[in-house]
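There are two complexes below, and they share subunit A, which is joined by subunit B in the first and by subunit C in the second.
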Partner chain A sequence: MRGKKIGDYALDSVIYICLTLMGLATLLPFANVLSKSISEEWAIVAGKVGIIPVGFQLDTMRFVVTSSQFLHALFISALVAVIGTLASLLVTAMTAYPLSKRELPGTGALIVLFIFTMMFNGGIIPNYLLIRQLDLINNLGSLILPALVSVFNMLVVKSYFESLPPSLEESAKLEGARNYTILFRIILPLSGPVLATIGLFYAVYYWNDYFNPMLYINSSSLKPLQLYLQDIVMNADTSSALSADDLMNVPAEGVRSATVIASTIPILLVYPFLQKYFIKGVLIGSVKG
Partner chain B sequence: MSKAEMTIQARPAAAAKTGGRRWKLVRGNLDMYALLLPGLVFLLLFKYTPMYGILIAFQDFNIFAGIKGSEWVGLEQFRKLIHSDEFLQVLFNTLLISLYKIVILFPIPIVLALFLNEVRRMFFKRTIQTIIYLPHFLSWVIISGLFINILSPSGGLVNEVIRSLGGQPVSFLTENDWFRSVVVFTAGWKEIGWNAIVFIAAIAGIDQEQYEAAAIDGAGRIRQMISISLPGMLPTIMLMFILRIGSLLEAGTEQILTMYNPLVYDSGDVIGTFVYRMGLGQQDYSFSTAVGLFNSAVGFLLIVIGNMLSRKFLQRSIW
Partner chain C sequence: MKNYVKLFLVTAMAVMLVALTACSSNNGGSDNAANATNSADTADTANAGGEADAGDAANAPSDEPKPELKRLGIWQNEDYNTYPVAKMLEEKTGYKVKYDMLPQDKYAEKQNLIMSSGEPYDLVTTFSDMAIYSDYAQKGALVDLLPLIDKYGPNIKTAISQQSMDALKVDGKLYAIPTAVTYEVNNSILIRTDWLDKLGLQMPTTTDELTAVLKAFKDKDPGGNGDQDVPLTIRGDLPMLDNIVGAFGMPNTWNDVDGQLVPRVLDPAYKDYITYMSDLYKQGLLDKEFVVNKDATAKEKFSSGKAGAIIVHWADIPTISDAITKSVPDAKFAFVPALKGPAGKAGFAANAGFDRLTFIPKASKHPEDAIKWINASLDPETFKDLAIGEEGKHYTEENGAYMPILPIFNDERNLANNYMAGTDETNYPIYWQARVHKSPVMFEAFDFLNNKQPAEVKIQNKLGLAPYMPEYAKNNQQLETMVGDYTIKLIAGAESLSGLEAFQAKYKAAGEEASAKEINAWYATTTK
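On to the complex of A and B.
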């Protein structure tokens, strides 16, 4: 009996220590970069900033979040995320509803066509040439339209619709309601949780998307946040992203750190919702396979 | 007539023949097909049109002449591909980074899930979960920004520690000896916590009576982890593994694009980034489409094989 207790104690120690270390390892880069963004310039240059700020100033942060380029990029990202998410939700639901009716002729074949695109795609270059042909280069539509329907999300919504009791629709049918009325008036109001989940999937996708903007956007007035951030992070010389009189006395390293932190904040603000709904979503996905 | 069919028909159908019944279903539900229209246009335009565009892999594509006006060269691009040392290096890098990611990063979330399952202090458990899930939601640009910062040879945290211990600073992101390790480590840092979720759910689905019975038989907690939790997770582990193998050739294109630079092309250039550089950088559209087709075809094959294995061993289809 005693030996077992000691064993349990040792096991608990190992588990708690491992998990704590993992948590700290996750926080460490944030702590370091946050410290840099609020430390004094001389301390950053001298490499003295660890996880605790040396000195304290908010000038760098203020400079970053009030810079017109940053705010503009933030606006573009928000615009794409909001419009993209709404459009995606609408088209995803409109596609999933008919496909959830197995007896409707043609749905089986269509589902196969959709699923096939999860396994095989044209690849980067044919996609790029298509966007070019459609004259969508340097058009925010290029960030939304190619991602309008995620087949995975559509299948999640479809299986949710299939799980609703048919009696919901029957009485409306008997009163002569059309299918689209049933979808928008009866089905969608009952689909709050699943729409919230995949809405967040879409929103995070649009917000974090870096690949499509990099391919399709080169006009600086249309750059979303991720592209702007990449310019700042990758260019050792920050001046290319900031105009000359903006620069004044702001340290490049501090600006880069503060830009990374400022770009993280929008996600942090919605993180409680993300955690709640994403876990649901990921489990729906894995259960349905 | 089943209940489901009742719901779909606008008017009750009296037709006896199935052909007539199908036609009635179509005619009675024309608005259903109207609802499908936007999704269908999307599917054909943005998913299937690029597949047609793959034809340029068999051409010497001229962007001004288009697919119809460009010269057909058969398998010439593929001949070029297998004789290209650069491509072979890229393929090698892709497989190596992918294998590192699988061998090192696949098992950790499983252990993590087992560990989290043993934690009885709910506050501690929730706090740790909240922290380790967070990086999943951040873009690669932000993650790369964080790590470029702390790995920087001039004033980065890691190198300051190395220096204070008397070592020489290492330029992690510009040295071929280090770049792959950084790629694997940062991928783990971002996704390990998140990837544990399906395994945590799998453990939660195990019948609690098994644990109680084992405890009565005198099995300790370690014994229970190994003999109950782990076998209980096995179907999920196998399914996740099959899915993971399906994306073997995706070594992390977006991640590497946000981290690499010409100094580490030798070790860090993977298929995705190579296609991007060849296609959009050097505008060798046909060659890079051929590389892309190779990528898609192998990916497709791996998923089909994976599904066959899944059907055979798990009695369930991936899709």
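On to the complex of A and C.
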């Protein structure tokens, strides 16, 4: 940066300081919840807890993370996210691959049908009835099957496949490879970036999903983390409708905060390592080679 | 490009056609299904009759294996299936029950979904909402319980009062077992008695004295907060202040005025109440920020020692007490007794009616066993164990009062009320006080409001035991919101009383007139 004047540096530093402060400001609500989760309950009720914890203690946190319901919900969420992501990746790739072959008859019509589902769907009740008829109520399958293929992700993969040179496949065919071999041994290994990206999309979707479990899961032993969290946090806002028995059993504000923090930690730990794929992912397929 | 458009049109048409045929066949399908269920139902009842007859003939509790029941409950913070009460009930009733629960948020939507899709639950226990309940009943989604109770429910008959059963009848049939409310008074003004002492004031007994006390709180700064003192804080969504509103003769949302039930905003006393409240607000005696106060904000102001008085439920006392004694160690507080208004009236709204309802959906596979289960759970000994546990282990008896043994009572019986399907209506209110005894401060507050206040200031909510009234059920919530918003504006000075008549006209047209007709037609029958 040769040729910069002192004034420029001054301006730059002002801009940087402003931006840093604004960035930090977005952390404030999070910091507030964090400090509530490690403060004493009386201080929270009296409104003394801001960013700095009052009466530091870790008992609430320990209570939350060792609660069997929390651990169980965490396990269910992780299970659904892992199995769901793998299944989604497999099915999405296998759907996208034939559709990427323009020379096959009918691909255009099929794609239109796929796109149709992006815009229209049956709505909650028909979906619920469908899931019920499939006997998937209270079954983790109900969290994975409806979200198995996201059309948007499928189209991203399809355009990535289209950008691969067709001569690769031709040479493989000359060597006697069949379609499955070509897909699994040649195309997919070359599609690392796009698979990583949509895999991440799927994983985040499965992890954050609370709507499907809210509809389809009644058994408390199958509730994923988001639903557990929602149940705990929502408690606060309905207190006017509750009877005295419920009022006496409302989880304390500290417990709620600690649950929020504890359930954020897993995704916080993974995020920094995955963020670059998120940014990359937006660009994939945007320029056709 | 042209090809694409054509293709799209063709597919779109094809899809619509498919959808249409699917829809029509769907209708046919559901009709058939409905017929099928109907015939299945008749078959079931026929069977049931047969079985029952056989049972009667044998005249002995049958030894055939009891089926596993499926029960749906409201949300609780622990798994129903592993909470100790479940095991106790299984041992005592002999039935294994698999529990599921509704979500905390939007439970009604989920419940409607489950009910309308015919999920085979044998028992559903949910919040008492007459509108939803009678909707299910009228749509034929619930099993009529009277014949079953006659056959299998001797304990149910003794436990549940006729009055409760009558209030739940829809077209002469009973579809739910109620859990009656166990106490009468919820809220009052909680006041800092150490502030009163400091200023040499007495506990207020009239609304004028309350004004004087609040004024002293504001001017003399007993809390040492400078001008930060808030004499009386409330939450923004409850502009009808319990106790004060009773002093103007309107403790409940509908009150008896010359033999007719009248909603507050049409009550002649409404003007006086507004005049009193807006005066408090203008003088700065009511929290200036009350409009934006949430429940937590108001409690925060009181617990941190900034507010001299607050309106709370007695069940909130343990939290508040804990917080305030830590932040202001010499703070003392107590509930204000029923205040007398300018016309000499006083009163608290007294609960009447139900907390939960338990019903058996038509889709249940074992309706007789469900009733037998309820009956078994209402066996006096079993019910006592359900309510307060075992003597010496969960509770002790002192002078006729049941004292909980902590912490085991908290761990094993705190959530017991969620397992109840109906209560022993004579004994449960007494058992239930064991829960209030968990915290001595809470019990003191509860005792003061519910046991020490004279009976005439506990004015029962007449509508609590009213039967289902379609217009009222439909309009009630909307009307309440209308009045709430309007009252807040009046108190805060955004509207003036000169517009009251216009509002009343709008309010009547919004459904009050229809509701009032219905309510008073019923009310006339009760006061005869």
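Keep this in mind: the second predicted complex is superposed on the first by the 240 of 289 C-alpha atoms of A that agree within 3 Å, B and C clash if a C-alpha of one lies under 4 Å from a C-alpha of the other, contacts with A are read in each partner's own complex, and residues count from 1 in each chain.
The rule we apply is simple: a contact is a pair of C-beta atoms (placed from the backbone, for glycine too) under 8 Å apart; a residue touches a chain by one contact, two chains touch by 3 or more.
What you see is a predicted model, and the numbers here were worked out from it, not measured in a lab.
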item: Touching partner for A:L71 - first (subunit B), second (subunit C), both, neither; value: neither
item: Contacts of A:W42 with subunit B and subunit C, given as first, second, both or neither; value: second
item: Touched partner set for A:V82, first subunit B, second subunit C, both or neither; value: neither
item: Which of subunit B and subunit C A:L113 touches, first, second, both or neither; value: both
item: First, second, both or neither for A:L190, with subunit B first and subunit C second; value: neither
item: Which superposed partner A:Q230 touches (first subunit B, second subunit C, both, neither); value: both
item: Residue contacts with subunit A in the superposition, subunit B compared against subunit C; value: B
item: Partner chain in contact with A:M214 - subunit B first, subunit C second, else both or neither; value: both
item: Touched partner set for A:L129, first subunit B, second subunit C, both or neither; value: both
item: Touching both subunit B and subunit C, residues of subunit A; value: 44-47, 113, 124-125, 128-129, 214-215, 230, 232, 234, 253
item: Residues of subunit A defined as touching subunit C within the complex; value: 40-48, 69, 108-109, 112-113, 116, 124-125, 128-129, 132, 137-138, 214-215, 218-221, 227, 230-232, 234-236, 238-241, 243-245, 247-249, 251-253
item: Partner subunit B, residues of subunit A touching it in the complex; value: 4, 7-8, 11-12, 15-16, 18-20, 22-23, 25-30, 32-33, 36, 44-47, 49-51, 91-92, 94-95, 97-99, 101-106, 110, 113-115, 117-130, 145-146, 148-149, 154, 166-167, 169-170, 173, 176, 178-180, 183, 204, 207-211, 214-215, 226, 229-230, 232-234, 253, 256-257, 259-260, 263-264, 267, 271, 274-275, 278-279, 282-283, 286, 289
item: Parts of subunit B lying in touch with subunit A, wherever the complex brings them together; value: 2-10, 22, 25-26, 29, 31-36, 38-40, 42-43, 45-54, 56, 63, 112, 115-116, 118-119, 124, 127-128, 130-135, 137-142, 144-150, 154-157, 159-160, 163, 189, 192-194, 197-198, 201, 220-222, 236, 239, 253-254, 257-258, 261, 272, 275-276, 279-280, 285, 288-289, 292-293, 295-297, 299-300, 303-304, 316-319
item: Of subunit C, residues touching subunit A in the complex; value: 4, 7-8, 11-12, 15, 72, 75-81, 99-106, 110, 113-114, 116-117, 119, 127, 181-183, 186, 237-238, 295-297, 299-301, 303-305, 313-316, 318-320, 322-327, 355, 414-415, 417, 435-436, 438
